[in-house]
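Here's the structure we're looking at; comments come further down.
Chain nomenclature is as follows: A, B, C, D, E and F, assigned in order of appearance, with residue numbering initiated at 1 for each chain independently.
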Amino acid sequence: MLSLALQNLLSPMVLFFVLGLLAAWARSDLTIPESIAKFLALYLLLSIGFRGGAEVSHHGLTAPLLTAVAAGVALSFGTPFVAYAILRAATRLGSVDAAAIAGHYGSISAVTFVAVTGMLGQLSVPYDGYLVAVAAAMETPAIFAALLIANRGETAHRGRSEFFREVAFNGSIFILLGSFAIGAITGERGLALLKPFILDPFAGFLCLFLLDMGLVAGRGLKQGWRHLTLAVTSFAVIMPLISASLAAVAAALIGMSAGNAAVLITLAASASYIAAPAAMRLALPAANPALALTLSLGVTFPFNLLVGIPLYIAIASRIAH
Amino acid sequence: MTKYHLKKRIDIVVEAPLTRTLANQLDAANVPGYSVLPILEGRGMINAWTSEGQVSNSANMVAMFCVVDPAQVDAVIEAVLGVIRDRIGFVTIADVLVVRPERF
Amino acid sequence: MLSLALQNLLSPMVLFFVLGLLAAWARSDLTIPESIAKFLALYLLLSIGFRGGAEVSHHGLTAPLLTAVAAGVALSFGTPFVAYAILRAATRLGSVDAAAIAGHYGSISAVTFVAVTGMLGQLSVPYDGYLVAVAAAMETPAIFAALLIANRGETAHRGRSEFFREVAFNGSIFILLGSFAIGAITGERGLALLKPFILDPFAGFLCLFLLDMGLVAGRGLKQGWRHLTLAVTSFAVIMPLISASLAAVAAALIGMSAGNAAVLITLAASASYIAAPAAMRLALPAANPALALTLSLGVTFPFNLLVGIPLYIAIASRIAH
Amino acid sequence: MTKYHLKKRIDIVVEAPLTRTLANQLDAANVPGYSVLPILEGRGMINAWTSEGQVSNSANMVAMFCVVDPAQVDAVIEAVLGVIRDRIGFVTIADVLVVRPERF
Amino acid sequence: MTKYHLKKRIDIVVEAPLTRTLANQLDAANVPGYSVLPILEGRGMINAWTSEGQVSNSANMVAMFCVVDPAQVDAVIEAVLGVIRDRIGFVTIADVLVVRPERF
Amino acid sequence: MLSLALQNLLSPMVLFFVLGLLAAWARSDLTIPESIAKFLALYLLLSIGFRGGAEVSHHGLTAPLLTAVAAGVALSFGTPFVAYAILRAATRLGSVDAAAIAGHYGSISAVTFVAVTGMLGQLSVPYDGYLVAVAAAMETPAIFAALLIANRGETAHRGRSEFFREVAFNGSIFILLGSFAIGAITGERGLALLKPFILDPFAGFLCLFLLDMGLVAGRGLKQGWRHLTLAVTSFAVIMPLISASLAAVAAALIGMSAGNAAVLITLAASASYIAAPAAMRLALPAANPALALTLSLGVTFPFNLLVGIPLYIAIASRIAH
């Protein structure tokens, strides 16, 4: 496990993330154009979704899938309440900021999902393709929970339903679920056709994406470190462990395999930096947007990559059926 | 100078995710048109931000502007404030001359 | 043939196009940045051109090639007159709008070209690489025809020659013909070198491009459906069939093989959404630019993909030598 | 205020494919310079449009502006109207102060 | 019209590699904020340039603007000139009305 | 050698560069969006750096590496003084313009590096991966030399140290050295993972990049040909030969192999068009920026590609140990 963590630490992906951090820290003028960053995110979501769908095409939509989705939704919706309580008790953040951060931590990170599945692959621990659908399903419930918490089910100048539509038809969910569906429909045939695009160069695109994430996180840390009190930073490390524990209980209850449990736990422990920031910005304008993003991308993401995921896999292998 | 006609140019700096909402309000205020320009980076009272490397629009601001008849200004400003009142972003008004006044 | 149409219907490309349509219909904030869309178009044209050229390098510029180019030019130049007559007789469109649309339908769609060659590949019907040159040659004559029709050979503030140059050296034609030439010069050697870039991931890039086209078409339909009267919409379905018939006659006259005939017919039946819109916008400012694009991308393109191409292949196999 | 000098800023919203044509006209009118800014999306009297996902420039508008001497305004406007007269797009004129008047 | 308040809008066209330097100067001059817009292409007294196909920012210009209180104008112009004095690029000042004067 | 030059002349890369030149010359509206151009440059630097590092991972940082880096730094710092002297003596350029151009010619071109290594590969002449590090080390000394020459070690409004940091942490150096380090750390394992991204499609991306460079160079030549007096143009052809001679002496002195010597000579003979233009623009505002870029990209780069590199390889094989 330790050697796995070390090997993970020295994977090109992690190193490119670190390179991005360094470039930001050294105030290098290295930049990834915005449209390229958006393309990379699009590519990753499309690839993840399609591959998950192509695997599901073997099995169809089965009971375990539905149970897993239900567990994911419950975790995504429930976690923000826990996160909010902790933030309000342990930090000096106002209620709106706390709610916004809670929303980020209930939602999930697609790249963390990729990291855990990659590590499971190296360990030859099997997991099910349908977990991509679980990941997609876990993106938004947390956002609605954050709104409930902030007690602003309605925002000015846009009816509740308008906002619901925007969150539910969020671009990243659309592409993840859409590619999942296309993968499920076209199955092996589709995968064979698209493999040289969505599978083979995936690691390379991921490296570029993580270089970009490192730059963004590094710039966020550089600008926002004043806001990162000890209490707030500790939250970004402790909260994943709490979410992971809740997810471990859920996984045990519904009798997941070791691989599936590891993925569900990691999803719960991950914090969003694509879908949630946009939604929270719309819904909770008073929140400091940079704070949540810096916590999730600059603290929790590297923590999960280096410490969290090996731990979650270890836990999963204990509780699994 | 009789061939030039006075109109007002209203410039709004607003969060990118609110573009649609603001456009709907401008439509409701019957402006003759509007244009949206990208902003690369900026600084305000709270934060500096940059669009570089961003995967979502959540951090971005955009610059919308519309040229309107002076008689419309108050109504348009009202509509704009409805969207940006509790938010970052701001609006300015300037005099401009136009050649084809019937467009506005 | 029917099963082929169905399989085509469920190809990842078509499904990504549908996903784009759905995202636009649901007003999702899913977007493809403009620079990425331009890159995808560039990639597709470069790849199509290069592969066509690499194939021609075996054979050289032969008489059949020249005959085919001549036939293509004649079709591209002639079709707009037919289209214009129909539009003026059957719809309420003004002469400028009708001319602009006629120009789009005389010109060709590179993605439709890809679709027919893909389907021929599946059916193991051979066709010649030089048809790429025919496709390139068919892009512009229609644009000049549209200008003649609108009786504005000269546009204000730009001499006739200036405009001629702009249309003839249009970026999409330049890249298509340029890559064709480079493919023809470097042949097998070049193809081997570039294969991992222009061949292997082609289907993946095409999926992304069609996702984008679906978004653009969907937004166009959503905004412009008011303009889509029954007469206008019918035109977008009937016109390809008429162009196809004309092309079938031409193919029979010059004695094309089944595969080549299928490609020529499909090219004639396809409507432009890259080169023509830009040229028409310059030349016919009074035309409603969204209308022609919505028709060609939102109606004719899906029609050809799902119904047209299988039909054109069937026709071609009848008339072929 | 003697150190600031009055000039005119001319803003033109024009179809992207006409950028070159308009630039040539501005050159011919001897403007000291011009700059072209992208527009992401907009709405006018006929249509709304967006640059998103467009493979050609045909649907786009751009915002050109040039700062000129007041004496030049009429000539520049004439040149601009020569390009946009029968087209969508429009032009506005505003007062600006500059510090280095010899540049314009 | 009592609800509108007069402020000044300062527009600066500056070489892209100087964005950071200029921003630091604006910070030092205590402007309430600024925004940076991209320029696609342009022409000045020496050269025409375009951002198209450029792999570095070295050829690009950007358009920065800040809305400030009239009392601040001289100080801001001083700061801007400190950066662009020996360089291409220029600055203009215009009157604008705002609604929430306390922001600036 | 001649047939190699010819084959090089007819490689897809060179032909795409020529296509770009032609498009600019014909005033085609063919364009590569700025963000795509930046992405292509990022990709090339990342790929070059990573591959160099992965090769070094076999050998470690050895004495030959350090000697080569030292020689490279000396050449990069020294060449601008020679270039400046020639420019002042033989042309009418002012001191600032001459210093700026001198800086470009001391620095290096990554694509020219790729071209020489590609040609060595075809000739089966081995060279060492660590030369990537030499290339990176040669990027900036020339820039500081140019500053010294222009006698403006300090620029207004930015302390000397601020400028030093900006040049030293320049994005292109950061990505080249960073990827080199990551390649060196992850070695074979990393290369295997990233091969389908950074190796296989490399030639294709390079073609696109050169198409773009052709467009940029062509537009520069079109606009700036008035500045290209005979004297200035001759400089752009003669200077590489002088730098090459200096580098040949250095390579002989430190006893480089034929392959390594060919690379070092080519690096010295190449002129920068990514890192130097940005730095010179900051440091020497009075210089005409388009002039240096047009010379290096429009004259020296094609000269090296077609004539220079075969010559440098020939020289290297003479002097090598």
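Everything below uses one rule, namely that contacts are C-beta pairs under 8 Å (C-beta built on N, C-alpha and C of every residue); 3 or more make two chains touch, one makes a residue touch a chain.
This one's a predicted model, so the numbers in the text were calculated from it and none came from an experiment.
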item	value
From chain D, the most remote chain by mean C-alpha position	A
Interface numbering overlap (same over half, different under half) for chain C and chain F	different
Distance between chain centroids, defined by C-alpha means - chain A, chain B (Å)	34
CA centroid of chain A to CA centroid of chain E, Å	39
Distance between chain centroids, defined by C-alpha means - chain B, chain E (Å)	18
Two or more partner chains touched - positions in chain C	29, 31-36, 38, 196, 200-201, 278
Chain B residues counted as touching two or more neighbouring chains	37-38, 57, 94-95
Chain F to chain A touching residues, read off their complex	33-36, 38-39, 42-43, 46, 50, 165-166, 169-171, 174-175, 178-179, 181-182, 185-186, 190, 193-194, 196-198, 200-201, 278
Of all residues in chain C, those that touch chain A in their complex	10-12, 15-16, 19, 22-23, 26-36, 196, 200-201, 203-205, 207-208
Residues of chain D that touch chain C when the two form their complex	15, 17-18, 21, 25, 46-59, 82-83, 85-88
In the complex with chain E, residue positions of chain B that touch it	11, 13, 37-45, 61, 63, 77, 81, 90-95
Touching residues (chain side chain F, partner chain E) in the complex	31-34, 37-38, 40-41, 156-158, 172, 212, 215-216, 219, 223, 273-275, 277-278, 280-282, 285-286, 288-290, 293
